Amino acid sequence: MKRGFASDNNAGIHDEILSEIASANSGHVTGYGSDVYTEKALKLFKEHLGPSTETYFVFTGTAANVLGLSSILRSWNSVITASTAHLEQDECGAPEKFTGCKVLTVETPDGKIDVSLLDKHMHGFDFEHHSQPRVISITQSTEMGTVYSAAEIRKIADFAHSKGMLLHMDGARIANAAVALNMPFKSFTTDAGVDVLSFGGTKNGMMFGEAICFLKPGLSTDFKYMRKQGMQLACKMRFISAQYIAYFRDELWKKSASHSNDMAKILEKKLEPIMGIKITQKVQSNGVFVIMPYDVAERVRKQFFFYPWDEKVSEYRLMTSWDTTEADIEGFVNLLVKELKK
Amino acid sequence: MKRGFASDNNAGIHDEILSEIASANSGHVTGYGSDVYTEKALKLFKEHLGPSTETYFVFTGTAANVLGLSSILRSWNSVITASTAHLEQDECGAPEKFTGCKVLTVETPDGKIDVSLLDKHMHGFDFEHHSQPRVISITQSTEMGTVYSAAEIRKIADFAHSKGMLLHMDGARIANAAVALNMPFKSFTTDAGVDVLSFGGTKNGMMFGEAICFLKPGLSTDFKYMRKQGMQLACKMRFISAQYIAYFRDELWKKSASHSNDMAKILEKKLEPIMGIKITQKVQSNGVFVIMPYDVAERVRKQFFFYPWDEKVSEYRLMTSWDTTEADIEGFVNLLVKELKK
Amino acid sequence: MKRGFASDNNAGIHDEILSEIASANSGHVTGYGSDVYTEKALKLFKEHLGPSTETYFVFTGTAANVLGLSSILRSWNSVITASTAHLEQDECGAPEKFTGCKVLTVETPDGKIDVSLLDKHMHGFDFEHHSQPRVISITQSTEMGTVYSAAEIRKIADFAHSKGMLLHMDGARIANAAVALNMPFKSFTTDAGVDVLSFGGTKNGMMFGEAICFLKPGLSTDFKYMRKQGMQLACKMRFISAQYIAYFRDELWKKSASHSNDMAKILEKKLEPIMGIKITQKVQSNGVFVIMPYDVAERVRKQFFFYPWDEKVSEYRLMTSWDTTEADIEGFVNLLVKELKK
Amino acid sequence: MKRGFASDNNAGIHDEILSEIASANSGHVTGYGSDVYTEKALKLFKEHLGPSTETYFVFTGTAANVLGLSSILRSWNSVITASTAHLEQDECGAPEKFTGCKVLTVETPDGKIDVSLLDKHMHGFDFEHHSQPRVISITQSTEMGTVYSAAEIRKIADFAHSKGMLLHMDGARIANAAVALNMPFKSFTTDAGVDVLSFGGTKNGMMFGEAICFLKPGLSTDFKYMRKQGMQLACKMRFISAQYIAYFRDELWKKSASHSNDMAKILEKKLEPIMGIKITQKVQSNGVFVIMPYDVAERVRKQFFFYPWDEKVSEYRLMTSWDTTEADIEGFVNLLVKELKK
């Protein structure tokens, strides 16, 4: 299979994670999470996110978002998010189907929500005809590769809390954000006022398994039933837990995400001077968004796979991953330059 | 962790399956199932279940049942199953939540449905006040370790089809049934009239990942959206597919399930002559159900873990698995005899 | 249209109720319940059921049951009811669809639940694989026309509360029960431990509109959103409220239900001595259940309409209503006797 | 209660409609729609909308929209509507809760959708990660009182059909639109390509009861179960049907809606010349939208009730109804002028 920049989930499993799975594969353990690996992994989340953190593992990023939200929403609530958010664009209506809630959106060119954008949905409180706004959901790092500062997050959290609302973070790429900010996870989540967090690992070298982290007490009452009813209770849960144990050990997460972010920076640097290529978003994590001629893109994609982002303006998304090499970038850029000259 | 007879999912991953995952962990592949491993795995299912078979992978047995059913049910339908069925007892209402349907039950001491039991739910057709009966769901092998013959299945299928209904099979332990029947999968599924099948692997040595097999054309239209909206679309799907490749290669499934069933037979043989122990179900696959004195069970469970089945009559469930050893059985039976004498 | 004993809802609107609608039809009032008629009607419910009663009007009995239950259930809960209950047999799965919950049943020949029957569902508490039992739902008077005594209700309520569960009553025919018991509504609802009540009026002379009564504080938080989202918020609500005003004035409800119950008694008395007719349930409210020869029933039904109840044993249901006349009964019985002689 | 311009549903029941209810209130008829009144009413809908029309009565406008849509949507679909649409703003998430679908919106100042606005949602077809666009829903007349021409509707219908999508119309105020267009209903619904129609009556003098009209064959298969499961099957349905019989007889609907529209025109004419008042939308049906000083509005509202529309710009909505009088308008305008001078 050809390599490319299609998605950070096209890469495989980091060796240290696969080894840890093998290590955990010995003898019998109780299913569904009553095992020493899970106990250890859950403790690690408390260390990284604060002692009040209650963590539940699920299988997919969609499930992490939907189930995490379901714990803090009732069906007559609405959740407000960027129009580019995964939960609006890429979950096939799973939030609506599972929670019964309305997803409201705001338009934001860089994928980041600003408090000023939220105003248009701040009405109808206590009015039974209208879905009650209850949660703001932000993505860190965003679908455009941009990154919220801790202060920006704090501002949204304060706004949410001032309205009796909660702040949810889709952290499918949270490691890339942590590296970008050069901060521990806790500083821009728990400490910045986030209430519920989807903490992803699959896009940064895990095989599968995402974590839903309730960062404050009282948010996950009865959540064990929601996870089971949501069809996300892993029977051999030790093999998700083991992955997170490896992920946190010796900051594997940081090494992988740093590499990935670095590769994006290199890619950006090489693309920037090329005539006919326009970079459309700040490169803050592991995505590079570029406009290039359609026919050039088509020809390059035959060798290095990547996806169109906005076909109307011939914009493309280039994602780097923990296993992207400088040779990948070299090869890609060389081909691109060649094709541009045709 | 102490070994025991708690559940076949307390065992780990078969080495050949873990090796196959490692083999598939090379380079980039497209996510969500557009990869060569998945292509190969799906082909294997066609070989085992017939060329019309359309297979979709999901993460859990609950998801396999619920999503498979959702493809052939609308919310005003009902599904009829044994009162002991996993989908009635052990899925926390996931079928009702996701499909909106009514689950109706029949009482059956050995977990097997007989057509005569279904009669009480065969009414209200075309009457808008009443949930419309649409699917019969059987479990093979059953929660009690009993096994339907192909003829028994055919009879239920014919009955279902004569009523305009469909037959679903929960095959979380289908390999154990196949070994018990000494038949290829196809003979007691597709060829016996089953319409939709949950084909399990996790209880027989896989890490995770179950298959939903639509055995006849036209049953899975739009199913890809249901799986995604059901939060069950695996991003790195190659690692489910790889497991099934190993599972079918050289009949690994059969070796594992044969071993498991054999261990149950040995266990049965050793328990049968013991005074104070009563075996309550036919031992046809990998479960042995026994009544034993409560205090004895409590003491034995400290060393060999297993679960109560019906506390009112002091009945317990003993499950063997692909990694159960004769030494496990020896140790357990010796302890049991010793405790019975106290 | 021929008259008959098909259902108490085949009768029309009591004149006093229709007059009250006309009286309320004057000028403008705010929609959705902020009007003087609704204010007055809600107060009447507090008078009849106790000062903590919070009442919400909806359109149908199914909606009253489903929405009332939805306020005290989360999707991972189960509700236990008689297998003959309206919410199990006659709501087309609306409870499952709207609440996501599992409906569990007990078999009871006279439609009345006894605590001893509930035992089989009292397990799996706190076990995330299992729907959590949360509500017991009884019907007063039952679908078989039988009536719970206040003491019987109290016993079920105490049982429910001892398990951390709640008691729901489907009172589609509550007026008939009140008359049968010769008790005020409060004595066998609020005072007997009922938590949530569907208080019906349509089967006793109203045009449409049922009431959901939350009998204890704290059970209806956010319920206004559930009703609206459940599509049951009446725009011109004054016309439901006006009906209840008339219904309670001068005990119209009692006069109508007394008449209806009396007619059932007369019908019973006339049927009892007839050879070939067997009365199968105690006649305690406004239903008479009889076994009669199939061909006789078919011939009589051409002139007096009524429904089969259990076709296997040729059992039929005869419902009397607020407008049943002695002449109706006379005519029906005469024809029946004539047909039996053929 | 003070009169006003709050909503056309603050008015009561037209006398001819109430009389018809009384006429239908005689003797027994079968419940749930198997009666002569319903038969006649359904026939009238075929006469007005075309012979393929299949009509089902429900209780509320929200139910008409949600259930009508549910018949043509699966949960992984999306429905696109104006951001001001009732189904987006005023149904408390009922569409999402009941259908599981995503509601997507377009911004349009006058409440009318233009095909060019739809483009942004026309992507992701056949892509399982994305909710599949399936229905466009327009409101006629719109929440802003504007009216689509038949040609405008045809253009949207053609666009929808060209994409394999369907066109839904929320006709809560369809009579006002018909009068505005001076066209029979059929010309701008069935003949203009509309597939499913919510045909309202409550806002034009009925007591309750809305109609869902499937205008083409094959769209309402199994719909009877959806209505029942949606808790919208009226037991004494004759009293909805009777209202529609009166509504269509001698064009009562047209008289009422004409009056209402005429009153809006008069109101517009009187407001237009007033300094300090700005009319913000074309007055095409029975709504007049005006900007006026906040404090003036507050004072006038004490005597003539009406609602703010957009508080940020001090915009108010004035609705006329079938029972609005010229004296109402006179009084209101006089007071307004007086208050403006203060």
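Letters are used for the chains, namely A, B, C and D, taken in the order the chains are written, and counting of residues starts over at 1 for each.
Throughout what follows, a contact is a pair of C-beta atoms (placed from the backbone, for glycine too) under 8 Å apart; a residue touches a chain by one contact, two chains touch by 3 or more.
In this text, all values refer to a predicted model and were calculated from it rather than measured experimentally.
Q: Which pair wins on C-beta contacts, A-C or A-D?
A: A-D is joined by more C-beta pairs in contact.
Q: Please identify the chain with the largest separation between its CA centroid and the CA centroid of subunit A.
A: C
Q: When the C-alpha atoms of subunit A and subunit B are each averaged to a single point, how far apart are the two points in Å?
A: 34
Q: Roughly how far is subunit A from subunit C, going centre to centre by Cα mean, in whole Å?
A: That gives a centre separation of 51 Å.
Q: In angstrom, rounded to a whole number, how far apart do the mean CA points of subunit A and subunit D lie?
A: Measuring from centre to centre gives 41 Å for this pair.
Q: Two-or-more-chain contact residues of subunit D, please, as numbers and ranges.
A: 75-76, 91-93, 97, 100, 128-129, 225, 228-229, 233
Q: Of all residues in subunit C, which touch subunit A in the complex?
A: These residues of subunit C touch subunit A: 32, 74-76, 100, 128-129, 132, 222, 224-229, 233.
Q: Can you check the complex and tell me which residues of subunit D touch subunit C?
A: Touching subunit C from subunit D are residues 1-4, 6-7, 9-13, 18, 21-22, 24-31, 35-36, 58-63, 66-67, 91-94, 97-98, 202-203, 207-208, 225, 228-236, 239, 305, 323.
Q: What does subunit C use to touch subunit B in their complex?
A: The touching residues are 75-78, 89-93, 96-97, 100-103, 123-124, 128-131, 311.
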